[in-house]
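Below is one structure; the comments refer to it alone.
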Amino acid sequence: MADLTHGLSTAELTELTNRSIAAKETAYCPYSKFRVGCAILCNDGTWITGGNVENASYPVGICAERTALVKAISEGKRGFRALGVATDVKPPSSPCGMCRQFIREFADLNMPIFMYDIDGGYEVMTLGQLLPMSFGPDSLPPPSEMAKLSKE
Amino acid sequence: MADLTHGLSTAELTELTNRSIAAKETAYCPYSKFRVGCAILCNDGTWITGGNVENASYPVGICAERTALVKAISEGKRGFRALGVATDVKPPSSPCGMCRQFIREFADLNMPIFMYDIDGGYEVMTLGQLLPMSFGPDSLPPPSEMAKLSKE
Amino acid sequence: MADLTHGLSTAELTELTNRSIAAKETAYCPYSKFRVGCAILCNDGTWITGGNVENASYPVGICAERTALVKAISEGKRGFRALGVATDVKPPSSPCGMCRQFIREFADLNMPIFMYDIDGGYEVMTLGQLLPMSFGPDSLPPPSEMAKLSKE
Amino acid sequence: MADLTHGLSTAELTELTNRSIAAKETAYCPYSKFRVGCAILCNDGTWITGGNVENASYPVGICAERTALVKAISEGKRGFRALGVATDVKPPSSPCGMCRQFIREFADLNMPIFMYDIDGGYEVMTLGQLLPMSFGPDSLPPPSEMAKLSKE
């Protein structure tokens, strides 16, 4: 039986690594010069990748993790086995809090997030470890129910 | 010679309409129930589409226009002939200011934006009309230059 | 009878100018070094100011205009006579699209926005001119209504 | 010697609780109806509060925690002893990932975050517990350095 790393075979982990690093080439980051690449392995076995896309108005930009995941969602993907994120620094960078929140909407808390440094070395944590006690879809009652609660 | 609408042939405009409307099906909008679809015609003749992707933390969501355009950019597309956005209301909705700003980074000011209502009717305005006197890449000097200016 | 500029007296316009420029000092912008100051004149005659507040994850930052306005709103202010925004460049910078959208929620379309350059010279446009055919509160039906429309 | 809870005296904790809950009244949340209040105790002993401020374009809204903190920063406050966040649900809601990231820029990792439920009961975690292995100001080299790294 093959060795698994957070549910990934050696071949899958190698592919996650390579695709995450390669995705840095797709970054549009003229302001920070901080290239980020992201690769996602979907439950159906397909791969989706993306890079960060910045804006002259910094708050309008989109990080690599959200680029890749919004692509996946808009293409109908649901259920994800792993996410990888690669940068040009060492130690590796983690997803920012906004991206952790974006991922939370769609991934299980035990989905592994592999963070690659400039040499290809990595650290790995689950989504639940990176965003403990998270605010997710189940935390938000519908407006009709909230309207009642806030009036009590 | 064929009639053109903002540079699009009749066949191209029909395809923009159909793809924008169809892209509503890819929306993930459990909070607003406000489906938005977007289609982009790239200079190379390819099409990219996307829907809005919401989040339990509302500010973390991504509108349809940004979904489609960030997909295009991360796939290496540069130069765009038209963008269409479709909703389920009438009169048609326009892109929000955040999306106009996101588009501004990558599109010419004369790129047409077609806004479709629930019946498929449309209004059209150029990016420059929707975001006059815009803040774009040329408005932002590099940090090294700004550091000098702010100290004067 | 006194001369008015977009409804402001000479003294009010001078104060808007001075407060907008002074607010640049409150900016936290270690990444862009692009200082922005904003001042708002409320209908009740009070003034609110703010600067841009950046973040290591660029998309998480908040522009000066939103800093000032969110302060005003959370302090119960409603109704605004003018907004000023000052930067260290020339010609003056305009509010980004995201800020225009944020302002749209709370200001009349004819509210003037004064944009100051590094020398204190300005250009002025109304919100409606900066964000034509805007997507505002009236554009968004409640979720219960949207749920019906999207199923038809 | 007085009992301390995460460095707060009983009187301070009571005040944090009361101010966080009272701040819910300042929320502008016509879309979610999900009122959130936030109070911050600054190192200088002053208090800053805020509520969530939503927008017809959901991603343009600002959460209560960011409202309060951006107010504090733009008023020159630096150094914070505690942050409280109150909602109308039970169990209590936590700050979303985007807010955790915004707080990260300005607060120590051991700053406590008190999360209040509708009955005033609370859970408390430090910023470092809510955003482990965070991406902060030290994680981001300046653009000039990144430009070199990405070319190697």
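Think of it as A, B, C and D in the order they're written, each chain with its own count starting at 1.
Definition applied: contacts are C-beta pairs under 8 Å (C-beta built on N, C-alpha and C of every residue); 3 or more make two chains touch, one makes a residue touch a chain.
Source: prediction; values computed, not measured.
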Fill in: Between B-D and A-D, the pair with more C-beta contacts
A-D
Worksheet, complete the sentence: Cα centre of chain A to Cα centre of chain D, whole Å, reads 23
Worksheet item: In whole angstrom, how far does the Cα centroid of chain B sit from the Cα centroid of chain D?
Response: 33
Worksheet, complete the sentence: Touching two or more other chains in chain B are residues 31-32, 54, 56-57, 60, 62, 96-99, 101-102, 104, 135, 139-140, 143-144
Worksheet item: Given which chains touch which, is the overall layout a line, a ring, a star, complete, or other?
Response: complete
Worksheet item: Tell me, which parts of chain D touch chain B in their complex?
Response: 31-32, 54, 56-63, 96-99, 142-144
Practice prompt. Quick one: which bits of chain C touch chain D in the complex? Just the residue numbers, please.
Written response: 23, 26, 28, 30-31, 49-51, 53-57, 60, 62, 66-68, 70-71, 73-76, 98, 101-102, 104-105, 135-137, 139-140
Discussion item. Give the list of chain C residues in touch with chain B in this complex.
Written reply: 24, 31-35, 88-89, 93-102, 104, 118, 123, 125, 129-135, 139-141, 143-144, 146-147, 149-150
